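Read the structure below first, then the notes.
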Amino acid sequence: MAAGAQAVTLAEIAKLVDGELHGPESLGITGPSAIETASAGTIVFATSQEYLVQAEQSAAAALLLPRGLSSSAKPFINVDQPKIAFMRLLQDAVRPLPLAPGRHPTAVIDPAATISSHAQVGAYAVVERGARIGAGCRIYPFAYIGEDCELGDNCVVYPHAVLYQSVRLGDGCIVHAGAVLGADGFGFVWDGKQQVKVPQIGAVSIGENCEIGALSAVDRAMVGETKIGAGTKLDNMVQVGHNAQIGEHGVIAAQAGISGSATIGDRVMIAGQAGVGDHISITSDVALAARTAAIQNINQPGEYIGIPAQPAASGKRAMLLFAKLPELFARLRKLERRVGD
Amino acid sequence: MAAGAQAVTLAEIAKLVDGELHGPESLGITGPSAIETASAGTIVFATSQEYLVQAEQSAAAALLLPRGLSSSAKPFINVDQPKIAFMRLLQDAVRPLPLAPGRHPTAVIDPAATISSHAQVGAYAVVERGARIGAGCRIYPFAYIGEDCELGDNCVVYPHAVLYQSVRLGDGCIVHAGAVLGADGFGFVWDGKQQVKVPQIGAVSIGENCEIGALSAVDRAMVGETKIGAGTKLDNMVQVGHNAQIGEHGVIAAQAGISGSATIGDRVMIAGQAGVGDHISITSDVALAARTAAIQNINQPGEYIGIPAQPAASGKRAMLLFAKLPELFARLRKLERRVGD
Amino acid sequence: MAAGAQAVTLAEIAKLVDGELHGPESLGITGPSAIETASAGTIVFATSQEYLVQAEQSAAAALLLPRGLSSSAKPFINVDQPKIAFMRLLQDAVRPLPLAPGRHPTAVIDPAATISSHAQVGAYAVVERGARIGAGCRIYPFAYIGEDCELGDNCVVYPHAVLYQSVRLGDGCIVHAGAVLGADGFGFVWDGKQQVKVPQIGAVSIGENCEIGALSAVDRAMVGETKIGAGTKLDNMVQVGHNAQIGEHGVIAAQAGISGSATIGDRVMIAGQAGVGDHISITSDVALAARTAAIQNINQPGEYIGIPAQPAASGKRAMLLFAKLPELFARLRKLERRVGD
């Protein structure tokens, strides 16, 4: 149902989302869209009366509504959970970037690499010796899969992603364009005259079903491995330093930075532009607000905010009071004068 | 007049900038330069007596001066606006990166792509099916122009830029090296056990005469489109989240981050490392200082600063007082002791 | 001694690090590792009794210890400086990414480029006219070495790095994957209707033995050159604006941003996500803590912290007091009530 795709009928959509159709079965729908930007011929979802009103005023051709809600203005489908049904439609509409089956003739593949016959390797990809690529993998143009890298099944590596050496991806990982996995960790020793490079010989290990955003970097360990646990998702331009250990099912938003040797538990949410200091330890089930700087260990689950990070309730209060500093100083001066009298 | 280029005469320069020559017509000038780093044979500009003194002491061979200012030390050209004249010389001196006419034999172009016969496509570029590239476009090596992308006329796409799918560039856009347009928006739903990816099927739309800096990313929308208005300039490493709507003629400096679904008006200036929260709305003619975090809507034009963003006047005062917190606490303690007596 | 490499004997290691062996000469060691993650067969170092206990409990096969320290649990080698000895082992274990000698047949090299016969150029690299590449250079796949770029001897350019034009690297530089050197500086002039691009015709000059991290950017100067001094190391995603002048032997951590025309002295350490404002000057031997924003000149060596940057001692105190703002306001209110009585 993507742009340019064939329209499907409302009846087919009702079947796909296991919903109850109230409207013409043969009505053609071009795809899912959002209420605010709905174009003619699309289907939108509304979860409440308030959104229903907006949806009815939109250009959409049909609505996904929770059971109990109905529209007299537009055809609709009642479903248990409109959001989930909508996601089902998105899944149906998404088109993978084009990639021919097999190996493109221009791909440069070392004879000592092992690539599943069910993997696809695009134009101008380079796969080095000792690399192993599992079934169902899609390696897009200009990807560099370095020596001894191992990709599980069904991984997607987008154009221009670089895996240096000894980078392991579990099944179902997605690596977006321009991401760099396995570059040298940033380690130097001052010898009195200059910074001497500490060689970085370790690996990168990324669990299954992880997503690495565009232009993100995960450095290789000095020794051992830099690790990201299964199911953890990184947004764009996220930096992960050498030997960092990140748990499972985390979410790290754009431009956040995780310093070297940091240890982060499971289900940790790190918002945009936040930072975690080197060797800092953060327990599971912690959420760091945007721009927060975790420079001390966090041992209690919960929300944190600020520079340095503090529990969200007091941190937000401190942040609001910051703006009142001029008032505070004025009041203090006034008091001093009165007491001085 | 670039390094290595033929020198031009002072008379030719005077003609180019529509200025009045005071000096030898045939003096050869190798190019424009800055006062601080001027090398012999170059021409510099000075807008005041103070800069004139510096310019005369520099190694430059000649000066661009406003009418009314003159030099007894070096040949000079009087012009209405020295800065504008200097920019004219820069325009004359700039050399585009080399690119042969037509399509390089190693470019992989899908037969279902439409490329103007007046466009240039470099070595190892990939252009996918349904892509349309207008006249005068320069596509540099390793660029990836994905499925159904549309480039207007005279766009420049530098090496290693990636346009995923359904990315539209208006006429005259510049996309710098390593920029990634159209990667998946960062959307997940927690299902109780794991983060489930919300498919991202939307587009990216960039108006005419925009510039996207090196290693910047503009994510595709979930549905609908992520939009950047005509004339808006992004510096390096700028992140623009899915469904963000940025107005016209804005300037966004390096490492700033615009979260998903943010709405930003026209002529908004966002300084380096600043951030705009998701779903935040910022009206036109706003300037955010460096590192500012806009986490509430901004409805009034003007300058803002701080975390969270506040009007610049009070925000700067609060920032200065922050450094005085130790003094403040000391004074408070002193007062408490006196009042306690 | 890398993963998969042949084991070496303990005697060979003792000789390599100039140490005194206490244990079986023929014991095979697979490589160096860290105490926390040591696997069987590896060698670790310990600098004190406390670490010795941990090392003895690890799976490591042998220990590097300072003279005067000994182990009854595991074979060990006494050396003058265990850390330095360990680095020596890392140097021995590190394996460069594979690259065939000479020029890969798919490399596109302009006839007017000059490449040492002792340099290696990988698959799908592009080298433009006027470029000069010294002996011992290793240019990895997809690197773009633009017009008139000059690389000294023994430089390494990793996959997907881009050098636009007139970028000079001194001997022994390392440029990591995705780094972009020489993109246009970010300069525009508002003409009343739109932002007009100021052409950027300058160069980038990087001294010998510098390292540029993955996905970092150093913009070309407007005129003159953007300069990084010998021995300075940049981590990943570091932004350096046009005409910035950075001294020698500095260390700039990930996601830091150096604005245009900033001037930074020698041996300056800039921690992660810190920023330096445009035209700001920082003297030599300064250290900026993580997230610090230097928006005024810094003329005294020392440590600085905060937004804006202040000397570390008072800055840290102010930062700690920030969290106490709610308490401060409460105490002030209490005082006001008492004094008001």
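All chains are identified by letter, namely A, B and C, in their written order; residue positions are counted from 1 within each chain.
In the analysis below, contacts are C-beta pairs under 8 Å (C-beta built on N, C-alpha and C of every residue); 3 or more make two chains touch, one makes a residue touch a chain.
These figures come from a predicted structure and were not determined experimentally.
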Worksheet item: Is the contact between subunit A and subunit C built from the same residue numbers on each copy (over half shared) or from different ones (under half shared)?
Response: different
Item to complete: Note the rotational component of the Cα superposition from subunit B to subunit C, reported as an angle of 0 to 180 degrees in steps of 5.
Response: 120
Response to the item:
subunit A to subunit C, mean C-alpha position gap in Å, rounds to 26
Response to the item:
Touching at least 2 other chains, the residues of subunit B are 124, 142, 160, 178, 215, 237, 255, 273, 307, 322, 324, 328, 332, 335, 339
Worksheet item: Which residues of subunit B touch subunit C in their complex?
Response: 2-4, 31-34, 36-37, 83, 87, 90-91, 93-95, 97-98, 106, 122-124, 140-142, 158-160, 174, 176-178, 209, 211, 213-215, 231, 233, 235-237, 249, 251, 253-255, 272-273, 290-291, 307, 319, 322-326, 328-329, 332, 335-336, 339
Response to the item:
Residue set of subunit B touching subunit A in the complex reads 108, 110, 124, 126, 128-130, 142, 144, 146-148, 160, 162, 164-166, 178, 180, 183-184, 186, 188-189, 194-201, 203, 215, 217, 219, 222-225, 237, 239, 241, 243, 255, 257, 259, 273, 275, 277, 293, 295, 306-308, 310, 314-315, 317-318, 321-322, 324, 328, 331-332, 335, 338-339
